Amino acid sequence: MVITERSHAAAPRDLAAPAIAIRDLTVAYRETPVLWDIDLDIPAGTLTAIIGPNGAGKSTLIKAALGLVPAAAGSVEIFVRPYDEQRLRVGYVPQRGSVDWDFPTNALDVVLMGTYGRLGWIRRPGRAEREVAMRCLDQVGMADFARRQISQLSGGQQQRVFLARALAQDADLYIMDEPFAGVDATTERAIVDLLRVLQARGKTVVCVHHDLESAPDYFDWLVLLNVRVMAAGPFAETFTPENLARTYGGRISLLSRLAEELEGRA
Amino acid sequence: MSSEIAVPLTGVLVASACALLGNFLILRRMAMMADAISHAILPGLVAGYVLAHGPNLLAGFLGAVLAAAITVTAVQALERTRRVDGGAAIGIVFPAMFALGTVLVTSQFADVHLDADAILFGNIEFVAFDTLTIGERDLGPRSIWVMSALCLINVLFVGLFTKELKLTTFDAGLAAALGFSPVLVHYALMLVLSVTAVGAFSAVGAVLVVALVIVPAATAYLLTERLALMIPLSVAFGAAAALIGYRAAIAWDTSIAGAMVSATGALFGLALLGAPRQGLIARAWRTRRQRATIASQMLAVHLFNHESGPERDEESRVAHLREGLRWSPQRTGLAIAGATRRGWVDRDNGRLVLTARGRQAAEQVVAR
Amino acid sequence: MSGLLRDLLFDYTLRNVALGSALLGIVSGVLGTFALLRRQGLLGDALAHAALPGICLAFLLTGSKAPIVLLLGAGIAGWVGTMLLLLIVRRTLLSEDAALGIVLSTFFGVGVTLLTFINQRGDANQAGLDKYLFGQAAALVARDVITFAILGGAALLLVLLFSKEFTLLTFDPAFASSLGFGTTRLSILLTSLIVVAVVIGLQTVGVVLMAAMLIGPAAAARQWTNRLAPMIALSALFGATAGVSGALLSFTRQGLPTGPTIVLTLTAIVFGSLLFAPARGLVWDRLRQRHRALSGPMPTPVALVESEGSRP
């Protein structure tokens, strides 16, 4: 597994700075705020999970970080600069359900789209880009499916194609929207391995996640979100029954079981 | 009957019959089916005339309804193959039917009433001259009889099957569970729509039927969300547009059907601007007020979040609000003024302090 | 057959008609591919209808009947229609298809009113505005074909330049936007190019049949391939084939109008593709089903229960 290395002039100074710094961010859809006054630092080099109930604004938070939805107030900085200046350092994995998988294209072409940002307007991908795309497909164990039409892939394979596309962006920060949603065990394993590899290479990964049970095994930094930030910090310290209860409003039965488990661990 | 009465009366009847059905097409998100059907009846109409050796009303009707049935079935079948989406299915079927109709017209009857203009614009201008006679008796313009009958059919259809239409429109699953077949209701609606389209076709032509079906109902939909109110409103808008259009067409010496449709458009435009809840003006006004409220709320939440931390002094400075929240001075001023007026914040030499009421407001906003 | 070929090459009228129709088929085939994949097939229908008042106003304002002036009016009106469509969809509770129907029919109504108004003044025949309703492919002259070639060539060149961006926009707009490709600007560009196709189509097949020219070739092409570039090429080929063979058919048979004949040829291609295209053809689907039913023994209820039970 090889990830092409690039050096950034600003990299050494950045590493101390947070990968994402959000200040006083409020985001509204149709004049109704869905996120209120978010203040959040996500340290570089972490594997961060953003967890919260349905409608907590998790996807909105990462879309705001990517400049996909406008902020009603506040600011987001990626490695201490506005997102517009840092696009090339960010890889994005949208929700799998957000695209039409019957689109006439194959896995390799989708992964190739990851190189478009670096290519800029009008320039076309060439052999170098195709090689990068192949390597990224290989990294998620999908090299054999490069020429497969995307509707003929399983849900998990489609998710891995999306991950490979983000890898092809060759970024320092990866933002993923529910990468584990509805995938098979093989894919789940593959994604976890990939996250570890990325972290070992000094990358930062931020995932919207919905499964409380698997979260402690996969991530080392946690943001609990419900319209505002309920708690954020190192995973073990933040993943407490009190914080979870505050985030979920005591609404899920799983909480009590988890609480017992946590007590047991402690 | 003179043209001055027959023409506007026909217009009002056509518009009312169309608008009644339009309500359900709008609510079912099937507005473009009206477009498809009104075009697709052409080959049926022409085939009927060919077989009857002349513009025979009944033969035309039967042919047109058959063509409409073929169209509705073909669109559904195409959608079900899942090789194309719904819009594309419509866009494949109706131009083909219309093209077929045009070919039939040019090859079979260069000389009969169905010339090009009549297909697209209808000939409502001449309805007074086409009278219905039984034996020796002149019963007045035929179109009045036909459209009255159609109006009656549609009123009965909508009146008798309100419950079924409503249920299958808003909750097809429940309707099926209760034994009302959504498919049956769908085909019944399409059948009545085709019959109406045939009747209206001769008066206003293929494209303008679409306007009379969709636009008045859409206008009513902007004004109310209650079906019981939407239906009479749509009929009123259709009838009003017919009368306004007639007067305007006479005044400016132009197409009556075109002017009627332009009038439906004008009424829609007025509703789009001025509707009490959905209208653009009301919406802009509401947005402004909402923005002001949200600004004050954001301020309260911001102060609340930083109340207990060590950063409190910094975060509550008025100057910080502009930099931190990225607000314009104007907006900052507005937010502070709003929050002060609501009794949420106090000023304490250059800093803003949350009052007990402000704290409560902030907690309420973020609690869900 | 050789006579027909000779006519195609040397008969002035037929050559222009065939060339014009082929150009329309290519341009609308290419742009229709993107429209179809963005599920905006009927946008072309709305744009074509919305163009009529533009044509009439252009004539009323300038008094000119030069195609380029009228087509410019058509383009502008199509544009205004699109904006209104977006306004209705974004700002009201009305659905997209209602918005399409409203824009299409009311613009056309205004167009008819203006057209009749011009007619009554007694100079419409000189202006020849009527031909935009049904299209008059048979009346295309060399100058029209040159206009088409310039307009269509420019549109195709832009598609070629921005093919990467258009593909991204169509497949995954959020990702496109995260990479810094402005999706609003790209959508506007793509829609403008569709307006160009519509403008060419108005003069050839007319207002009503334009929808078919945008949807048909792309819908047929989609059945033959699972990749975008071949789909675009096939779509252009189908469009051109329909254009040329429609022109030839109406040339050889009396009483076959060109525009409708083109659309009927195209419809035949669409249904042929839906039924017989290699992987996606419905006929093969049906045969496979039957083969499966015949080859294996029919599962008896007992066998079904067992297989259900043995599932992990």
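Chains here go by letter, A, B and C, matching the order in which they are written, and residues are numbered from 1 within each.
Criterion: a residue touches a chain if its C-beta (ideal position, glycine included) is under 8 Å from a C-beta of that chain, and two chains touch if they have at least 3 such contacts.
The shown structure was predicted, so the numbers you read here are calculated from the model rather than taken from an experiment.
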Could you classify the connectivity of these chains, where an edge means two chains touch, as line, ring, star, complete or other?
-> complete
When A-B and A-C are ranked by contacting C-beta pairs, first comes A-C
What is the distance, in whole Å, between the centres of subunit B and subunit C, each centre taken as the mean of its C-alpha atoms?
-> 25
What is the distance, in whole Å, between the centres of subunit A and subunit C, each centre taken as the mean of its C-alpha atoms?
-> 39
In subunit C, residues with contacts to at least two other chains | 222
Per the touch rule, the subunit C residues reaching subunit A in their complex are 37, 161-162, 164-165, 167-168, 170-172, 174-175, 177-181, 222, 225-228, 231
Subunit B residues touching subunit C - in the complex, by the definition given at the top | 26, 29-32, 34-35, 39, 78, 81, 83-85, 87-88, 90-92, 94-96, 98-100, 102-103, 106-107, 116, 120-121, 206-208, 210-211, 214-215, 218, 221-222, 225, 249, 252-255, 257-262, 264-265, 268, 272, 278, 280, 283
For the subunit B and subunit A complex, residues of the former touching the latter = 286-287, 290-291, 294, 297-298, 301-302, 305, 324-327, 365-366, 368
Which residues of subunit A touch subunit B in the complex?
-> 23-24, 26, 28, 31-33, 36-37, 39, 55, 71-75, 226-228, 249
Parts of subunit C lying in touch with subunit B, wherever the complex brings them together = 36, 39-42, 44-45, 49, 87-88, 91-95, 97-98, 100-102, 104-117, 120, 130, 133-134, 207-209, 211-212, 214-216, 219, 222-223, 255-257, 259-261, 263-264, 267, 270, 274, 280, 282
